[in-house]
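Residue numbering begins at 1 within each chain, and the chains themselves are lettered A, B, C, D, E and F in the order written.
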Amino acid sequence: MQKRIRVVTPIITEGFSSAEEFQPFAGPETQISQVGITRGPASIESEFDEALAVPDTVAQIMQAERDGVDAVVIDCMGDPGMKPGREAVSIPVIGPAEATYHLAALLGHRFSVVTVLESCIPMMENQAKVYGVADKLASVRAVNIPVLELEDDRERLVNALVEESVQAIEQDGAHVIIFGCTGMIGCAGEVQRGLAARGYGGIPVIDPVPAAIKIAEALVDLGLSHSRRTYMPPRAKRIEGYDLPSREAAVAR
Amino acid sequence: MQKRIRVVTPIITEGFSSAEEFQPFAGPETQISQVGITRGPASIESEFDEALAVPDTVAQIMQAERDGVDAVVIDCMGDPGMKPGREAVSIPVIGPAEATYHLAALLGHRFSVVTVLESCIPMMENQAKVYGVADKLASVRAVNIPVLELEDDRERLVNALVEESVQAIEQDGAHVIIFGCTGMIGCAGEVQRGLAARGYGGIPVIDPVPAAIKIAEALVDLGLSHSRRTYMPPRAKRIEGYDLPSREAAVAR
Amino acid sequence: MQKRIRVVTPIITEGFSSAEEFQPFAGPETQISQVGITRGPASIESEFDEALAVPDTVAQIMQAERDGVDAVVIDCMGDPGMKPGREAVSIPVIGPAEATYHLAALLGHRFSVVTVLESCIPMMENQAKVYGVADKLASVRAVNIPVLELEDDRERLVNALVEESVQAIEQDGAHVIIFGCTGMIGCAGEVQRGLAARGYGGIPVIDPVPAAIKIAEALVDLGLSHSRRTYMPPRAKRIEGYDLPSREAAVAR
Amino acid sequence: MQKRIRVVTPIITEGFSSAEEFQPFAGPETQISQVGITRGPASIESEFDEALAVPDTVAQIMQAERDGVDAVVIDCMGDPGMKPGREAVSIPVIGPAEATYHLAALLGHRFSVVTVLESCIPMMENQAKVYGVADKLASVRAVNIPVLELEDDRERLVNALVEESVQAIEQDGAHVIIFGCTGMIGCAGEVQRGLAARGYGGIPVIDPVPAAIKIAEALVDLGLSHSRRTYMPPRAKRIEGYDLPSREAAVAR
Amino acid sequence: MQKRIRVVTPIITEGFSSAEEFQPFAGPETQISQVGITRGPASIESEFDEALAVPDTVAQIMQAERDGVDAVVIDCMGDPGMKPGREAVSIPVIGPAEATYHLAALLGHRFSVVTVLESCIPMMENQAKVYGVADKLASVRAVNIPVLELEDDRERLVNALVEESVQAIEQDGAHVIIFGCTGMIGCAGEVQRGLAARGYGGIPVIDPVPAAIKIAEALVDLGLSHSRRTYMPPRAKRIEGYDLPSREAAVAR
Amino acid sequence: MQKRIRVVTPIITEGFSSAEEFQPFAGPETQISQVGITRGPASIESEFDEALAVPDTVAQIMQAERDGVDAVVIDCMGDPGMKPGREAVSIPVIGPAEATYHLAALLGHRFSVVTVLESCIPMMENQAKVYGVADKLASVRAVNIPVLELEDDRERLVNALVEESVQAIEQDGAHVIIFGCTGMIGCAGEVQRGLAARGYGGIPVIDPVPAAIKIAEALVDLGLSHSRRTYMPPRAKRIEGYDLPSREAAVAR
């Protein structure tokens, strides 16, 4: 089944992500497109950053549906705009945190998330409560490297990810590791090998956007989308200060 | 202790709330001010509406701190902007849902929230999980009256609140009732009497904004604010599309 | 990425399932094979039946790995043999209950499972606890049709599924429905339409084996399998009364 | 609104607490009175001590209502007599543990309680379960100083509080600290500064009785008291060995 | 192993219970004795009643140890004095609620408690939280017959117990029934038969004191008692108004 | 009441257990018999081993009922065959893990299990979830001695049990210790003394099979067995490859 998936990168920093980067992770029938936002923060490392990223992310999710794509993947582990976006459209909207938390839950007894900064930890622990998998979350840990510096020194990043993952395994009882920032993309193999070298072979390491793309493909193939009883279409009303695409398509479902 | 509390009404509808309406609920040393927002929705009845209300609400929270007020109360049971706002400022920021859920928890065995529309129910149940009181939440129910119609027919509203509260008591085991929309302000006495008339005397009925003002006063008097370990000040970074007050005051704390 | 998925039907009843039935749900690069077992029960409707199905199911999972397939899907919502099978092999082993419970959890606020008989209900509620999604499970309900009679009267089955799903929505707060028996395969579209006709449009209805195949494909494409820290390879020891394939391949990982 | 609050100190030790000590924490419209008990233990450091303190504490709560006070605050973090006291009277009865646990829950992600002795830890962890905030409790720790020695060496007490609070932050993930004994009154500022000196600025430190007084004032101003559906008035019956005030006032509500 | 078990009936009503009544439920090596209290209420139907019953109950538990008995069973489903009593003595102290909640948990998927009055329901739900079995508690229901009227009309009692048990099964999902008052002793067989007659055969009905005696015997035979790390011996201190037996024996353990 | 209890040792290793070993733990009216299985593994240290042990264990449980014994105790902390066995028979079937987890829960605030190998830890943590006592489980730890080597060096075993128990107390907050393998039988006294020597007196140490025998005796004396609403008799159907005793007796109940 041919399908088009739109990755929405919810930051204003250009060049952070691209369709080319994601296409290799997609199946043979999937065409990936990618967009950023123009109103919002340079990166997301707090509830504050996330709050400012959400409105334009939702607008891009709505635009994606108008463009006829089959599913949207949000390119941030805060899952910004996932819930409001789902209300606004009928196509599947995948937040990589929600998708990988559930995927990790079925791969092992408990999982840990290794994210960028300590400021993100309460936010991610709260996600686990809302997503219903708090019992499976061993811990959230941070490498203490800001999002926009993740690509500056790949070796330092990989080493830090391995180190925090080892701590998560030994101190917190983690059996599966999830990267806590989509900017860590492409490091899963190295981290998995690094863990094996530290005596922890056979530990799954989940790279969020590739995993989210696979879940998006699965849902499109299965003809499934989010429940309209959870995500009811918003009532039409006056809105000021935002140029949002029309929701007519969504309302029709 | 003299104190100034700012109520931020996170919708663009003028005349929905006013300082005059709130002042009678404040203590003798408290001066209430009130502002709305200019970018966002006419009312909040979904995650979508809330997402659009947040950025300007956060801006108003930041402006309140710059104006020297001692605490902020958000005038919406979705608690929009509470978490990002707390990161951005050092003064207490009270979300009425968080405040009343905890207040209700200490008044009785289980509480129910009676809100406007069914579309808000999952959102409020998720709040209880994040706020840590899910075990005390009996149910969330809806009167099926939109926010902006709450004032159209006070009798219908009170009757619907009584009816849903009775259902919450009989079907869901509620011992305490919280209004699930700040627009229901002023009905607590009538609903409490209505419940007594239906055989349910001695059931506390909590009116959110008055309760939130009292919690704000208490925190100011106690010299307490939110933990900076939970709500770390956001790192300075490039932001486009929003005119936000400077955070210098907040960073200083 | 070319991949081969083996569906193991853990009952001795021939003709219950076939590769032809499952192939249409697979992606273009996936080849499905299917096997049953020869030692065990005619159908699984109790812990007792499941206990007898497990040893030969595990043997078939081990044989699948030796045959070079890339992943195994178990064709029963009791997930018989999933945990012991994972210990014995390195390739992903997907239990449809575990996979769909997590998939449902990310599609809506709460889900219900509609299964065959009341005798299965405690077993499925316990699964939700072990799989870590008990907070998202609204209820398990039964249509009261035995497994081997599911195909006798498709209309009766669909009607019963719709009826119990409506009860799950109205009484238990379900927002997503999962079929609680893999023998209900192929009814999801009809049930979804039946729900829409009863006023409940936009409710996802999950058909377990198709969903499990998609999760299996996703894991193979992502190069992920279950954690070896959760599912350690069993120590070699004397075993009597079972002809099991050698585990050499599994131990090597 | 003029109001009178009675602090009941549930021990027989005279001079442990006084109205003068509490008055500065009260609002301008509040008049504090204080009483002790004459039957019970010298201090409360176990379930045993608490059991013996309860009957006379309940008698004092009943007497407070007869004296016309508007609310009662119990001067012990075991909340002795809170639940039976609430059954016996209609005015708000505030247990400082219940009040501060909920207040701490809304100030940060997780809180710890630093109490006197290890013997109190299970009791306080059980409180968190009954009060519905177990998910927010990081830990209960002890300074290992008995209640009646708390005032002997203020510096030692403050140092021990700071040390255990640092452990709670670093080992247990606490973001907010609550004093686990009302005898620690007056140390919150010093402990907060001590934490800042150890690198943990912006950590709220809650002094229980002042916080409980503020919650009592808030409830009186809001016209709220505990639910009569949770705390039903006890049926009249024969009681031997206790001289209790008449409950006529309470029954009238 | 010869053993002596003391049943402490924590009310002042004489003739409510007797050793003769309990002896038939004991094993051949067990000798039962029974005592009441002289300071406290005529019956226990609230937190208030329980609070007044506890001090003399603890005194009787301490006296039992001095008398050389091997274990104590408390004759009330509120488990009054269990925790303080355990601190004060080294011999096992069995609360029938705690014992039967755990026994019921291992007999079936979920249990319900059928007690005397609605005023006891929050108290018993809180017990389940503290005892750690809240997930197994389906509900607490009341027959609305006061404790001291239970023996007035046995048929009415049995009918009410059957009726509420049927409701617990059908409405709340109970699979096991526990009597919520020790005064219902001797009705288990009739209620079990009554349930079978209503179509619910094979439902265990647990009579609390007999079950508690059996658990007490088991602990004595196993040489086990409560953990001294949970129930530390209370520190010696001044106590006024109670004549308590010396704790020397307990401290020696 | 005279009673016969059958211990089923679910492994093929002869001489591992015997009736003579268990008889001293039984009461004066109890006669113990013991059987092993002939199809299955030499020991149980994984889900894989357990899966192969279950069918013949269930057969032995059924045979025990046909032999007229009054209750069955399974001689393995994995509780293999407990749930399917209960469906197949009407007499009580006691799994020592389920029985001791609940017994430990009533002896102290939290308990730890000290088992043989790390491979068993997730399995035992999952048991606690299904048995409903996860909140009371402090940790599961392993001595890293395989089952069949437990008897090789008793001193090494006792030392390892003491060492891991001390870790459980100090690191995990355990107040009660349970042996996590029935092959550790007879070490409880030594371990309890070893803990006292390390400064942890008054810590109950539970030996699983003796405790399970006592619970079995208690249930027989009380006339209680598992709920037929949880454990419904399996529907008759074709089964291949197993020689099972007839279930006629069970169906009759």
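Observations
The rule we apply is simple: a residue touches a chain if its C-beta (ideal position, glycine included) is under 8 Å from a C-beta of that chain, and two chains touch if they have at least 3 such contacts.
Predicted model, so just to flag it, every value in this text is computed and none were measured.
Of all residue numbers that take part in the contact between chain B and chain D, over half occur on both sides, making this a same-residue interface.
In the Cα superposition of chain A onto chain F, the rotation angle, rounded to steps of 5, is 120 degrees.
Rounded to whole angstrom units, the spacing between the C-alpha centres of chain A and chain C is 27.
Chain D has its Cα centroid 52 Å from the Cα centroid of chain C. Computed centre separation for the pair chain C/chain E is 44 angstrom, with centres defined by C-alpha atoms. For chain E, residues touching at least two other chains, in rising order: 109, 122, 129, 135, 175, 230-231. The touching residues of chain F, counted against chain E in their complex, run 25, 27-29, 98-99, 102-103, 105-109, 131-136, 169, 175-176, 189, 200-204, 206-207, 210-211, 214-215, 217-219, 221-231, 253. Across the interface of their complex, chain D is touched by residues 12, 38-43, 45-52, 54-56, 58, 81, 83-84, 86-88, 117-119, 122-123, 126, 129-130, 146, 230-232, 234-235, 237-242 of chain E.
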